[in-house]
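Next up is a structure, given as structure tokens.
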Amino acid sequence: MRPTPPHDIPQGIMPPAHPFDADKLREECGIYGVIGLVDAANFVALGLHALQHRGQEAGGIVSYDAETGFNSAHRFGYVRDNFTKAGLMETLPGTLAIGHVRYSTAGTKGHTAIRDVQPFFGEFSMGGAAIAHNGNIVNAEALRRELIDRGSIFQSSSDSECIIHLMARSLQKTIPERMKDALRRVEGAFSVVAMTRTKLIGVRDPLGVRPLVLGRFGGGWVLSSETCALDIIGAEFVREIAPGEMVQISPEKGVESYFPFERTQPRFCIFEHVYFSRPDSILGGRSVYETRHQIGVELAREAPVEADLVCPVPDSGTPAAIGYSFESGIPYGMGIIRNQYMGRTFIEPTEQIRNMGVRLKLNVNRALIEGKRVVLVDDSVVRGTTSRKIKEMILDAGAREVHFRIASPPTAWPCFYGVDTPERDKLLASHMTEDEMRVYLGVDSLRFVSLDGLYRAVGEARGRNAQCPQYCDACFSGDYPVAPSDMIEKGFQTRAAE
Amino acid sequence: MRPTPPHDIPQGIMPPAHPFDADKLREECGIYGVIGLVDAANFVALGLHALQHRGQEAGGIVSYDAETGFNSAHRFGYVRDNFTKAGLMETLPGTLAIGHVRYSTAGTKGHTAIRDVQPFFGEFSMGGAAIAHNGNIVNAEALRRELIDRGSIFQSSSDSECIIHLMARSLQKTIPERMKDALRRVEGAFSVVAMTRTKLIGVRDPLGVRPLVLGRFGGGWVLSSETCALDIIGAEFVREIAPGEMVQISPEKGVESYFPFERTQPRFCIFEHVYFSRPDSILGGRSVYETRHQIGVELAREAPVEADLVCPVPDSGTPAAIGYSFESGIPYGMGIIRNQYMGRTFIEPTEQIRNMGVRLKLNVNRALIEGKRVVLVDDSVVRGTTSRKIKEMILDAGAREVHFRIASPPTAWPCFYGVDTPERDKLLASHMTEDEMRVYLGVDSLRFVSLDGLYRAVGEARGRNAQCPQYCDACFSGDYPVAPSDMIEKGFQTRAAE
Amino acid sequence: MRPTPPHDIPQGIMPPAHPFDADKLREECGIYGVIGLVDAANFVALGLHALQHRGQEAGGIVSYDAETGFNSAHRFGYVRDNFTKAGLMETLPGTLAIGHVRYSTAGTKGHTAIRDVQPFFGEFSMGGAAIAHNGNIVNAEALRRELIDRGSIFQSSSDSECIIHLMARSLQKTIPERMKDALRRVEGAFSVVAMTRTKLIGVRDPLGVRPLVLGRFGGGWVLSSETCALDIIGAEFVREIAPGEMVQISPEKGVESYFPFERTQPRFCIFEHVYFSRPDSILGGRSVYETRHQIGVELAREAPVEADLVCPVPDSGTPAAIGYSFESGIPYGMGIIRNQYMGRTFIEPTEQIRNMGVRLKLNVNRALIEGKRVVLVDDSVVRGTTSRKIKEMILDAGAREVHFRIASPPTAWPCFYGVDTPERDKLLASHMTEDEMRVYLGVDSLRFVSLDGLYRAVGEARGRNAQCPQYCDACFSGDYPVAPSDMIEKGFQTRAAE
Amino acid sequence: MRPTPPHDIPQGIMPPAHPFDADKLREECGIYGVIGLVDAANFVALGLHALQHRGQEAGGIVSYDAETGFNSAHRFGYVRDNFTKAGLMETLPGTLAIGHVRYSTAGTKGHTAIRDVQPFFGEFSMGGAAIAHNGNIVNAEALRRELIDRGSIFQSSSDSECIIHLMARSLQKTIPERMKDALRRVEGAFSVVAMTRTKLIGVRDPLGVRPLVLGRFGGGWVLSSETCALDIIGAEFVREIAPGEMVQISPEKGVESYFPFERTQPRFCIFEHVYFSRPDSILGGRSVYETRHQIGVELAREAPVEADLVCPVPDSGTPAAIGYSFESGIPYGMGIIRNQYMGRTFIEPTEQIRNMGVRLKLNVNRALIEGKRVVLVDDSVVRGTTSRKIKEMILDAGAREVHFRIASPPTAWPCFYGVDTPERDKLLASHMTEDEMRVYLGVDSLRFVSLDGLYRAVGEARGRNAQCPQYCDACFSGDYPVAPSDMIEKGFQTRAAE
């Protein structure tokens, strides 16, 4: 059982008495904040809409207005359905607002309560503060246990609530100082957007695992997980928040920068480039689209094949497929058509519909595929289930040969830093070689881009430097830059321990 | 601004930064708990339905089941509309459950959040506990300030949340002991129903201001605000919980009794007899109906009048009117008909409907009234607004004379112990004599039962003994048995201070 | 299977192919219309609220405004919950509006579709018209069959829809003339309120079975089922619409009166006096309250008994109980307390709650009942189920004797004219003598008022004149003033046929 | 004012008295039907999901089951949100079901009532029938007027309701014969899927303007607007229903074919190839994707340009862009990224959001565009508004040159056969030459594929044969194969009339 709060409205689920044995709630998220713009919450809504790919389950916005104080709204569902209605948006006045979109892991999704939806709010003796968090705290359970022992009452099952309780217990006199105190106790990957009554605050963890960028629009400032959410409101991209940096932004003083953590070698998440971020975003000075296109080029060089058609698995495989076609000269075509009226999944499916599986989302363009040798380009292979079904659809449609080309190395390790991946033994690459996977998937050939190739695509000319990698690539390498302490306590074995 | 929690779903309102200047949320409530019966939550729903007159705004139920842990549901609206649906009730399994219905004061009603709806839940290191509270904590703001200073994060604007935070910080090893610790810090009037994973707990404050009774049904035990809610499920009325008593009930050990507070002279709320409780309940060994009937008899003796018809203001004035008719020999008749499809108020009225006022709820039975000298019996006069309108309706219908007889003494002081009354200067009797009120209401005569007469009606043969009253009658006398400390800090003057 | 329309939103139920074998949907209803008042729909809403006792399941309002044309809203639930919201009422502009509240029989209730909720609307070549109907058309199935054969498409399962289709096929040039045409084809009991773009129309069937009254308010006119719904808006009661009369009301010409049907002896429903109408209404020049009080007096004369307490079964037995007490001198008291938070039934009950039965609604006031000889006064005995349960509650509470006194004669025949009664063999009085019923109910005595006594109470000094009765008393006598032709076709045997 | 039905639930809008001056409701639609499969409605839901691109506003399903008769559900919103819930789908049992998705024109969208949502149902003397219609009836208003004159009561504002009323008035003895009678009276474009209790029926108008295909799955049969909706359930594509053909399908007799209309030269809608159908569908034996790819090839031949990048306007311009890149050798790239969490529009936008316009949906991939000469490929230019905004975004992102290439000829005439197009004077091409449009759009070059080029792309080697065109190309040519009589009556001038 997972801990959920007492006032959980739709399901009426309450915390189990001992939530500590429960599986943690793993979250993917997007965060956004605005200061110095009239109707700030409207801009936050637009930003969250542009970040919707980072979390489709629910979203929340908190705003502050001198007259009415802090106001908030938290909703399940898409931003475009909830946070565009005049009736709601009028309840979120003010020139300062932050927001959050989230997605929790499949296994626990049904049990998510509206209380788990960020931003979280806390009232301190010096005033209130709201906070939204992207990433994952690897010592959250230990912190939670300690805080409950000392008298804190938790209201959600989200790890991120720890930060608010740590702040409440800090002896510092200001909210930003309390936030520094709190975040120094936290281990893991986090980008944070927060607000007091007068300041917008942004923080990235010392490794800089999750992205956070600064923008400027009119007389105001914007913080966002990705640059594509600056573009949507027409904001100018100023710079990335640096790993380990805290910025405090106010209309009067502008952006003040602090570095409250011990310095360390940054390790930005390489999977943001492969899959997680939107192709029109800029990460670490690199266009995501260009990187993915370049991965396709690298793949075509590393793993060429004689074929008639390069076909992406839509939509995430598309830029790499274009790159593969460009480099190889094999014509590019849309052999698989995606139903654009899907979310990530069909809601409340009946058994029959569940069995339809991938066909609800993808259909083969038979006329194009028939009789051809097809190169299928996908972003990654996780469990292999979907890949097998797609291969079958392609073969049923009359393809002569199917060659899988994967735009990332084999995913052999779970992510503990904020990307939803299954447990290790569910990962196909954790227990199969590339050739075993080829046989399992039943394709004519299967090739992954190499880790060096991936590093070249993101611009590290010499590939991965094992001594000093520039990225977190733990999902491919098992090299975890921060020990996942809660998981280790529960028995997880890192590669070092194997 | 009133403090509300961050995840307030329908309105999206958040706590102001400094909630301490805010008006407190005053609540009327009914509480209920069951242990040892299969599908305990269904019995709680029935009990709350019978207690609906104590709070119509919202209700909540928490149940515990070994397999699924604590479960809860909190809803705005009537029990009969929410807690009778199979889909919901199935989410509340187990043989142990507690529940709460509430009504908040008119002024703040629009801002009530679902988070303010009890029972509240807290997770402690030794397990979870849920708690529901009827009454009012008069030092709640001071406690809240102190707890926030020490790092507690409040989630609701309800005073009752203090109890959970005080429990979280107690150094005691068991939940019942922590509850004793917490309640010793609390000043005011409270009856509490609480639950751990194994026990149902009931507590009354040392004065015993609010009622709480114990019942038995099958192999199980029931706690309820009133006996009428034992009747609805067919439970046997065992006894009242004593002022200052805590009972811990488990299927194994039955009812264990403790007295954790310093002993003092009990002061049960006399207004429960006059208006608040249901006429079919037994309070302090007295039938509420009989008491009200007897108040009518006392009124007829203290304030006789020559008339043709005794007519109640429905429904609360009915038993006293029957008593007045019985004692005076003047025929009893339904001169005012109540629309039975009203709640306490017409929801979201347009301006036009608001002007219709009392006619939406009451209609004069013209054929009965016309040409008659009418004795109108009502339970109390608070602001006098409704009384004036009723008088006008009666005169418009052709009554020859109108004589008001009121089944309680003049309400001259606000209640701080859990009954919703307006501020002192809104109370007609705070600044008018009986004769001034008669002129203001424009009736031929106006008489209130005397405080002594009221005491006789509840069975105190010698009337009110000013040295040692048996009841809390502060709303009539200004004699507050517990100093309302938060209010005094804000400038409220008690009679002693005048 | 019952016929329901294709767009049934909540349940998605569609018409069966052959609805003719289906049980008809029997309805109880209240109707209301206003012309010549700004925001007429608001007044209609208030009127329907005052008529809510005539139908709690659903309601509808149609208004006409020169700019936006006809507008409508139809909703399940109480008027006070639906038709008081600014957002909705603003969609119903204009100075002309009609409305309807309805209740369908228990057996089919679950299947009622929003399409069955009146007023109905039809668009004719000379413009649109809306119509609301109270009563029951006894040849509706034959008409429906004929209309479908000729090409009409029915949209609801309501009999009343026939009227609109008959009007559509009339060769008359104006809507009022078409309505006359249509109503001349209809057999049974009906009061109708209708509207064109310029006129408010009211009609009563030639027997005048159902009530319809005319009121005046400001410069406008009002039609209503009962006078209590004139009182709520402060309208003056002008007169009853006469049996067989059609009034056409316009601001310019005022009230124009027509008598389009063959004249016959009126037969107003006597059960409106006994139970159906509100006690504060005036029917046929008689106060309903006074009539019921007088029935109690007649009962006390016809069936005296030695006892300690006269106690009504609330709320419908109350006036007769007061009358019985008045005549007999036995004290009156509230031995049974009604939970005022019930509608007619607990919504979606679980099995357990269903078994609680009458206790959800009524509780015995034990302190008053104990040890007493009790006269219980109720309005009628239909199936006897509730009466048995109430008797048991009274005995469990310690009553020494229980004497049932019923304020109507034995209900031995079903109503086919718009009051919901069960099939004949479900009626206790259809197959038991008074003494058999006494044994079945298990009471010390059981007496019904005589039919003559009832006639005396409504003012017919000589009692029922069998040659020429003034009322429809078919439910007591089996003397049906209009042959229920659809039912006879299905095998129902009238008394004449027995 | 537009005609809407009386029971319009959410808005409460009613028919104006004279709806004939109103603008007609123009609809785009998808239709689907299944016979001979258990839980047919589930298959229909899947089919409608695959046809969602043909109508996103609302959908409906009717099923027939011997035990419960006809059942239906009609809902606003996406199929995946409504018709996948167990609770709803269980109310639609049986082995025979039909369904419909629809989109009404922007101008009237706010007023659409649930009653306008198909399938429609009618009860005839020989049983019930449900019908769903794709296309547009050009003499619907004349028919409606005639039917109302003769006594039909319309319930919706949809043209398609005429068909049901025409059937109700037919003198034929069977439902299929009545349908033939009715459809012979109807002018315009229509594909129809209908059902009786025993048969699934499909019809295409004599010109075959809208598509309809037959599939086979297990022991059952399927009718669908497009083949992509056969693929989703794994059904085999059997053949197209021929222009002017009616098929009656039953499990016993299989597919029976009739040709009830006068034969004429077929004129399939060429815009289905350009934009309306899904790229993975097969129309007239041609893959839509291949046709669009080939249009791109034709465009590259007809309108070459020197450039660095071919970039589609997603998603409808994508296949033509791939074709243009393939033929021209200019690299293909995703210069514009589409937010996949949009429907067709942002719901209930605030003013601010509306001003954001196209940025909510599309973002420029600046890193790819910057400094390049870009060929932008789009499917069509209608009003030109969106094209101008896209051009601005591309230039803002630093493109050196922008060359528009349009995969259809200039849209100079409105469609009256079921595709939503604005009135003629809103169409850019109705009053501008290609060069004027280039200046208006502010691009370096603008070229449309020629009508001959388009005909070559769909496989007519010699291009459009003006004497005897194979397609309806009225939106490009003004050559309307059926005179739009209602519109002509209102003053619309066809090309012949100019």
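A, B, C and D are the chain letters, set down in written order, and residue numbers restart from 1 in every chain.
In the analysis below, contacts are C-beta pairs under 8 Å (C-beta built on N, C-alpha and C of every residue); 3 or more make two chains touch, one makes a residue touch a chain.
Small disclaimer: the values here were computed from a predicted structure and weren't measured.
With every chain reduced to the mean of its CA atoms, the largest distance from subunit A is reached by C. Computed from the mean C-alpha positions, the centre of subunit C lies at a distance of 50 Å from the centre of subunit D.
Work out the mean CA point of subunit A and of subunit D, and you get 37 Å between them. Taking each chain's centre as the mean of its C-alpha atoms, subunit A lies 62 Å from subunit C. For subunit A, residues touching at least two other chains: there are none. Taken pairwise by the contact criterion, the protein chains form one closed cycle in which every chain touches exactly two others.
On the side of subunit D, the complex with subunit A involves touching residues 39, 42, 45-46, 49-50, 52-53, 56, 78-81, 84-86, 89, 228, 231-234, 278-280, 282, 287, 289-290, 293, 315, 318-319, 322, 325-326, 331-334, 337, 339-343, 346-350, 352-353, 356, 359-360, 363-368.
Of all the residues in subunit D, the ones that touch subunit C in their complex are 1, 3, 5-9, 11-19, 60, 62, 68-75, 88, 91-92, 114-115, 117, 119-125, 127-128, 130, 145, 148-149, 151-155, 164-165, 168-169, 197.
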